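To keep things clear, I will list the structure first and then write my remarks on it.
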Amino acid sequence: MKTARVEAFSDAVFAVAITLLVLDLHVPKTSGSLIAALADEWPAFAAFGISFLVIGIVWVNHHTLFHVLSYTDRVLLFINLGFLATIVIIPFVTALFSDYVLTAGSQASVAAALYNASMLLMGVGFMACVVWVARHHELLREELPPLTRGQLLRYSAGALVYSVCIPLSFVSPVAVLIIDALVAVYYIFDQASVSVETA
Amino acid sequence: MKTARVEAFSDAVFAVAITLLVLDLHVPKTSGSLIAALADEWPAFAAFGISFLVIGIVWVNHHTLFHVLSYTDRVLLFINLGFLATIVIIPFVTALFSDYVLTAGSQASVAAALYNASMLLMGVGFMACVVWVARHHELLREELPPLTRGQLLRYSAGALVYSVCIPLSFVSPVAVLIIDALVAVYYIFDQASVSVETA
Amino acid sequence: MKTARVEAFSDAVFAVAITLLVLDLHVPKTSGSLIAALADEWPAFAAFGISFLVIGIVWVNHHTLFHVLSYTDRVLLFINLGFLATIVIIPFVTALFSDYVLTAGSQASVAAALYNASMLLMGVGFMACVVWVARHHELLREELPPLTRGQLLRYSAGALVYSVCIPLSFVSPVAVLIIDALVAVYYIFDQASVSVETA
Amino acid sequence: MKTARVEAFSDAVFAVAITLLVLDLHVPKTSGSLIAALADEWPAFAAFGISFLVIGIVWVNHHTLFHVLSYTDRVLLFINLGFLATIVIIPFVTALFSDYVLTAGSQASVAAALYNASMLLMGVGFMACVVWVARHHELLREELPPLTRGQLLRYSAGALVYSVCIPLSFVSPVAVLIIDALVAVYYIFDQASVSVETA
């Protein structure tokens, strides 16, 4: 099977999920200062920004992975489907994180931990796609290596950070929010520099 | 007519419907344990997972069916449209099922029966596409058989299970939820193994 | 400019709009009979069905129109954009119609009239695309006629029905709902028969 | 990397964002005149119309820009991603603007200023794409110039108007709404005339 339709389907799921993030932003109902009311919602904007970057980065990675394929098989379609489930759920865990990150007690910790667990699961899903592709050379276009060792290390580093963030959520959910933001920004610059090196 | 645009349109409908499922997941408003509040929503997560798998599996089948076509005609466009109606409605019947599955009395039964009737209708819609294609050889690419007898049997088995689940809903809606989950998981493994056999 | 991207964009708008119709279906909150509560919502299901068919039919027509084009120009892009605005607004006028069709007095009439005015505007937008294409032969693939006189007559008939339905809304909104349903069903069979004739 | 998938992803984001605008239109709940209740919501319809035109125009520009490219690199993917963030947020700033434009005091001004700041940011994002493409001739198809000086001037004019509208929001938010509408309509006719000239 050609990869065109699985790419089209995946692209659409990525695009809908990234755009549905806007539904997590609510116009505040206030009779006072609108600026203050919007500022009170900063976790929603921060979580929107982080999740937008995450979906965007992962889309680029997905794009890169499928770019090296000539064919897909049904197993890869289903592994990809499981991976897409972790994308589709992002608007939910994003709303969960931003709604509870400023609450006192364990609620913020649980929300932060679930957000990072969801990110970790997404990384695992993507790695499962990578591993399947790496073991099925018949799917590959000849001229391209699937992924370099450096890229694999960087992906693993991301999974490691999310793994560490899960227990860290029970210490400081806001610190976890900041780390998640830094991870996303790091990957943007890391991947852009890959491009410049190899262009 | 070429199949490119009907595939693109169908892919987008599948992708939007599968992603809109996330709108059925609600961030609980609680001042108590967030874990407990989320756990109370387990039917929503279960129904999300089942419907996600169903749409995903049906997308793979749709992909496989249209893969054997070179052309489409207008009748097939409209049969496909009727089939897509059963996909678009899935976020609604999913919410209906998960909102009522734990209620006492006939409500849970009605919700479970309607969910399974919707799944059955989807199967019928897909079979109608298959039958039309099978009777119009001029639409087919020469080199591929439309569907094997084994696949047809497996599709019929799915329709049979959903048919049985409708009356069963009036005995135990939760049992029906579990059967629906098992059917989805069965099809994932069944179809992945088809792939491995023929790869 | 090639038509690939305007077709992809239009397909996605059609697909999102047709799938967003499901958001007009609300799971009823009832402690009584769920069947009765759903039956009370029959206008929502009827309006969902009609609008689903309308968007589907119009997508097929759009598909057919752009199928005869080799190129698009910027004017056509903007006429198409205006036409797409009438598609995007359908989930809103559908909800308006179904929420008010059973109310007493002028509300139901206004809602029905606005729904049909919106359908009429959609027809006008589509005809504007057709007229532009018909006057710009340089956009056409040589081998195909843009539209037959019979098809133009049928399109005009649809516009005529919607025009008549606007004043009729002030006599009987429910009658208008039924006429809208019949128009959609008629077009389905009409267009499918075109296909069979020419296949 | 070929541009097909970034175009498909961008198209889908544009299409979902433009269609989600309909969620900003609410069916009024009234027991009085439905016409009057809808008329009271005129800012929502005006803002819907403006944002629809803006997304449509920007999609045409995006289409035109990527049309001249043969390849994309990873930096452009991420600049494009940042630009798409300004598209995704439009349904939110549109709702903000329309909900507050008629309120007294500073709320309307803040909402109008944020809407126009968002539009300005979108223009900056698009210009960043243009600048990157202009500096990387290896991405271009040989036969086409990237953008004419006239087009660049017109883009700059749009950014200038939005810049002026930000402080003007604190004088008259309704005047800003009207200017935003005029800008959108101006661009429609300006770009359509480009088409006619060069067709």
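Letters A, B, C and D mark the chains in the order given here, with residues in each chain numbered from 1 onward.
Everything that follows uses one rule, which is that a residue touches a chain if its C-beta (ideal position, glycine included) is under 8 Å from a C-beta of that chain, and two chains touch if they have at least 3 such contacts.
Model, not experiment: these values are computed from the prediction.
Q: Shared interface numbers for chain A and chain D above half of all numbers used, same, or below, different?
A: Different; most numbers are used by only one of chain A and chain D.
Q: Sort the other chains by how far their Cα centres are from that of chain D and give me the top one.
A: B
Q: Can you check how far apart chain A and chain C are, centre to centre, with Cα atoms defining each centre and the answer in Å?
A: 37
Q: Quick check: how many Å separate the C-alpha centres of chain A and chain B?
A: Comparing mean C-alpha positions, chain B is 26 Å from chain A.
Q: Give me the residues of chain C that touch two or more other chains.
A: Counting only residues that touch two or more other chains, chain C contributes 8, 12, 15-16, 20, 23.
Q: Help me check something: in the complex, which residues belonging to chain B touch chain C?
A: Spelled out, the residues of chain B in touch with chain C are 1, 5-6, 8-9, 12-13, 15-17, 20, 23, 73-75, 77-78, 81, 84-85, 88-89, 91-92, 95-96, 99-100, 106-107, 110-111, 114, 136, 138.
Q: Residue numbers of chain C touching chain B in their complex, please.
A: So the residues of chain C touching chain B come out as 7-8, 11-12, 14-16, 18-23, 25, 27, 30, 33-35, 38, 49, 52-53, 56, 59-60, 63-64, 67, 188, 191-192, 194-196, 199.
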